[in-house]
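Both complexes shown next keep subunit A, but they swap its partner, so subunit B is in the first and subunit C is in the second.
Entry: the complex of A and B
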């Protein structure tokens, strides 16, 4: 794609999300979402083949439906409150419809079906933008309406997302689908604590974005989209196998890596609010996620063969330049001792 | 405590910057020096703990375990030299780094004040151990072993996290020293029963309790020698240490909640000892013997009398040294014959007489021969369980008999009799191996002269 045009489109995506995050008028938020959606379609279709077309179409249809539902919720809110300012949504119908719309945009269960298929159909870089940047806008709206969200619906969606994210990823070997299911599960964790303490949602989002960025950067570096090709990294750059191990363990939520911090804080917040079975259940279901991450590490870093590789080798192209990889890796693994600094997020 | 932690962390740059012919020498020497520093902690003037800072403390329970941990690192390094000799330099350094990282986390775990900090470090010890088992183990089953190890422990410990946080909400602080003084009886309710279960299951899995012990034979057998040593000697004791700390907060539910676990442990110790009699795999035999000894520790901790706590602590230290020594001996066999089957390497006394002496001493301490500290531990546990209920003496007596049976079975099969023909060309014992065994045995024998230091905080 012509770099100038690509930059313009990318800037439109960024602008759309910024408009969503910084508006105080409901209509502007809807406009921001639409701008975001329309501009990201060309980015999803960077390579022109039927698979990307299918993925972009699926993405467009689900997101457009969600935007329409959002518009309906906005209108109902207008009807009952008589104003367009962003505050918490007082009318329960509007609140439920808005929560469903935003869940569809985020990819929470039961609206998660598009996430693996769309992520699989697009290139790694577009998948990166899809799974990290696109989550910011809906999450910011959820943050702003958090006092009025129906707790039952949100917690049901959150727990089901963690379940689906865990079980769905078990049968996958394609890396992009694995990252998609991991995204579903992490979104579940984020929305579970939204009503109790939205700051922790933001913390989880921050650390999730860092870890997902790191994972995608490592995948892009070795140009691998399947588990099979990821297991070749020990031939190309043995150091990245260690980095993949550390980042995957961090995503699984193992202490002492920074992926443990959001889980710990969320469990603490939920327990303070007297729900004990829920965080235990969530924590145990996160172990399903850990299982398929471990499977990835087994084929990549923990069973390095001293002999020649048994799998078909791919052409080794010139190493792509990865931006910011060392700071990302450090941040996605070593942030746990900084937990007392959480107060800066308020 | 930083005087121990910082040097241990600095062992990592030491390995990466050492020359090729100096890595083993440097790391072993400096880790021995660090263990000498930790010996000063054994001087506990009173029953209260020595507080070093807000975050670290050491009391008569954690000091012997800490000394054991620091003592074992040089021994692990000495034991790993042979099987790593053919690996490239970077992998050797990675291995030593994993061991050092594990050591740092273990030191911090044993001295942690705050229980959540203890939890995080307890979980953190899983990661280097997993890497050591799966990356440097020898058979394909090691993958399964690593998964079993990780997931059994995590399934048990995630409820512990929730339980610790809810206790923090109830009592306001999880600083262990404060809780000792603030302790109140837990009210009697269903949710407190689940709280008890959540607190204890993590340590039960780690110990391991008989029904949850499936990960242990796999992990011990598939791990390389340093992995087996650290697993048997220290990581199991983490479970015992955690139980000893947490049971102070869990009265009075322990009086009735402990029964199922007591039954499992009492029956389990006989079961696992009996399994040892039918094992063909040497490392598997030692692994099941660990389960059996740890079942005694579980019984002791759940009875909660001063004598049983003394017995539990002494047994943990004694078993750590003995079991680690047995794994070293099994490894010296494995390095020569590349097989763990016992009957393939018989009659070693004729070929390696000095090693036979170490085998004899290790087996004798394993079966708790007087006056070793193994005996002191087992005797205290047997006596306190007898006072708890007279019938347990039958089970305990049976267990001691069967322990003696399999220890002697192991000794006689490997050492006595006519040697097999295919092993008459094995290499003689290295000085390194003899030094390793001596370094295991000497503390064990010397401690029987002054067992007071390992008898824990109820002495």
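Entry: the complex of A and C
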């Protein structure tokens, strides 16, 4: 793509999300979502093959439907309250429709079906933008309307998302689909605590973005999109096998690593609000996630995956230099001791 | 009949939307878009917005739809699909018509209709001349406000349209 056009379109994606996050008028938020959607379509279609076109079409259809639902909820809210500001949603029907629309944009169950298919059909860098940046705008709106969200619907969607994200990722060998199911599960964790303490949602979002960025950049660095291809990184850059191990275990939420921090805080917040069965279920279902992360680490870092001898030399172009990778790796694994600093968020 | 003109126009509006949503060939979709644009203009004018109605006719129908019509005429096929040519299209069109007819009967018969929001029968659709807004017309003031207080809206929508064109060109350009 022409670099000037590509820069313009990428900046429009950023502008769209910024407009969503900083507007106080519902119409501007809707315009921001549409601008975001429109501008990310050519980014998803960077390579012109039918696979990417199909993935972009699926993404466009689901997100456009979600925007339509959002507009309907906005208009119902306008009818019942007579004003366009985002303080709270005044009508339960509008709140439910808006929650469903934002859940469709995020990829929460039962609207999760597009996430693996779209993520699989596009390149790794586009998938990175899709799974991290595109989650910011809907989550910011959910944060802003969190006092008026129907608890039952949101918690049902959250718990089902964690289940589907864990269960659905079990049979996958394609790395992009694994990341997609991981995204569904993490979105479930984030929305579960939204009504109780929205700050933790933002914390989880931050740490999830860091970990997903790290994982995708490690995949981009070793140009691998399947488990088999990832298992040959010991040959190309032995150091990244250890880094993949650490980052994957952090994503699974294991204690001395930063991925444990949001899960710990969320479970603590839920139990403070007298719900005990829910966080127990969530923690148990997170084990499903941990299982397929560990399977990846097993095949990548802990064992030499069986392959024929002539596959052991991995063909590569010159090594991509990703400058952001070391600080990201450090942040996505070593942040846990900083947990007491969360008290400044009050 | 004139008191219920908005209701009648809204029914024609919905029926023409059903007409193009049942996906005949784009030429016929453009035809019902013209009808729906005209009827929508009528609805807006009944609420006092004569300027905006004129905008719809001039810019939407006379600008955008004309360009759409020309491009569709260039890309059309030998036997375009009408509503009655394909069973699926006709089925969807009839289904949409049926739902609209049932809704109209429901609104006409009952005192109060509460689907997602309540409105009291056909009475809500009639425009009564309530309140005097003074010497100026509200919608012209609205348009003026768009270009003064709402400059940010103009910038954002202008940029969205520009990027829309960029994106469409980029997507159809291919490799």
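We adopt the following convention: the second predicted complex is superposed on the first by the 332 of 346 C-alpha atoms of A that agree within 3 Å, B and C clash if a C-alpha of one lies under 4 Å from a C-alpha of the other, contacts with A are read in each partner's own complex, and residues count from 1 in each chain.
Here is the rule we use: contacts are C-beta pairs under 8 Å (C-beta built on N, C-alpha and C of every residue); 3 or more make two chains touch, one makes a residue touch a chain.
None of the values given here were measured: they were computed from a predicted structure.
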Ask   = Regarding the shared-chain residue A:279, is it in contact with subunit B (first), subunit C (second), both, or neither?
value = first
Inquiry  = Is A:51 touching anything from subunit B or subunit C once the two structures are fitted on A? First, second, both or neither.
reply    = neither
Request  = Would you sort A:34 into first (subunit B), second (subunit C), both or neither based on which partner it touches?
outcome  = second
Ask   = Which partner does A:9 reach: the first (subunit B), the second (subunit C), both, or neither?
value = second
Inquiry  = Let me test your reading of the model: by the given contact rule, A:271 touches which partner, first (subunit B), second (subunit C), both or neither?
reply    = first
Task = Determine, under the contact definition given at the top, whether A:287 touches first (subunit B), second (subunit C), both, or neither.
result = first
First, second, both or neither for A:88, with subunit B first and subunit C second = neither
Message = According to the stated criteria, A:303 is in contact with first (subunit B), second (subunit C), both, or neither; which is it?
response = first
Ask   = Mind pulling up the subunit A residues that touch subunit B in the complex?
value = 245, 249, 254-257, 260, 264, 267-268, 271-272, 276, 279-280, 283-284, 287, 290-291, 294, 298, 301-304, 336
Request  = Could you please specify the touching residues of subunit C with respect to subunit A in the complex?
outcome  = 116-117, 152-153, 156-157, 159-160, 163-164, 166-167, 170-171, 174-175
Inquiry  = Going by the contact rule set out above, which residues of subunit B touch subunit A in the complex?
reply    = 105, 119-121, 123-124, 126-127, 131, 134-135, 143, 146-147, 150-151, 154-155, 158-159, 161-162, 165-166, 169, 191, 198
Task = Please name which positions on subunit A make contact with subunit C in the complex.
result = 1, 5, 8-9, 12, 15, 19, 27-28, 31-32, 34-35, 38-39, 41-42, 45, 48, 56, 76, 79-80, 93
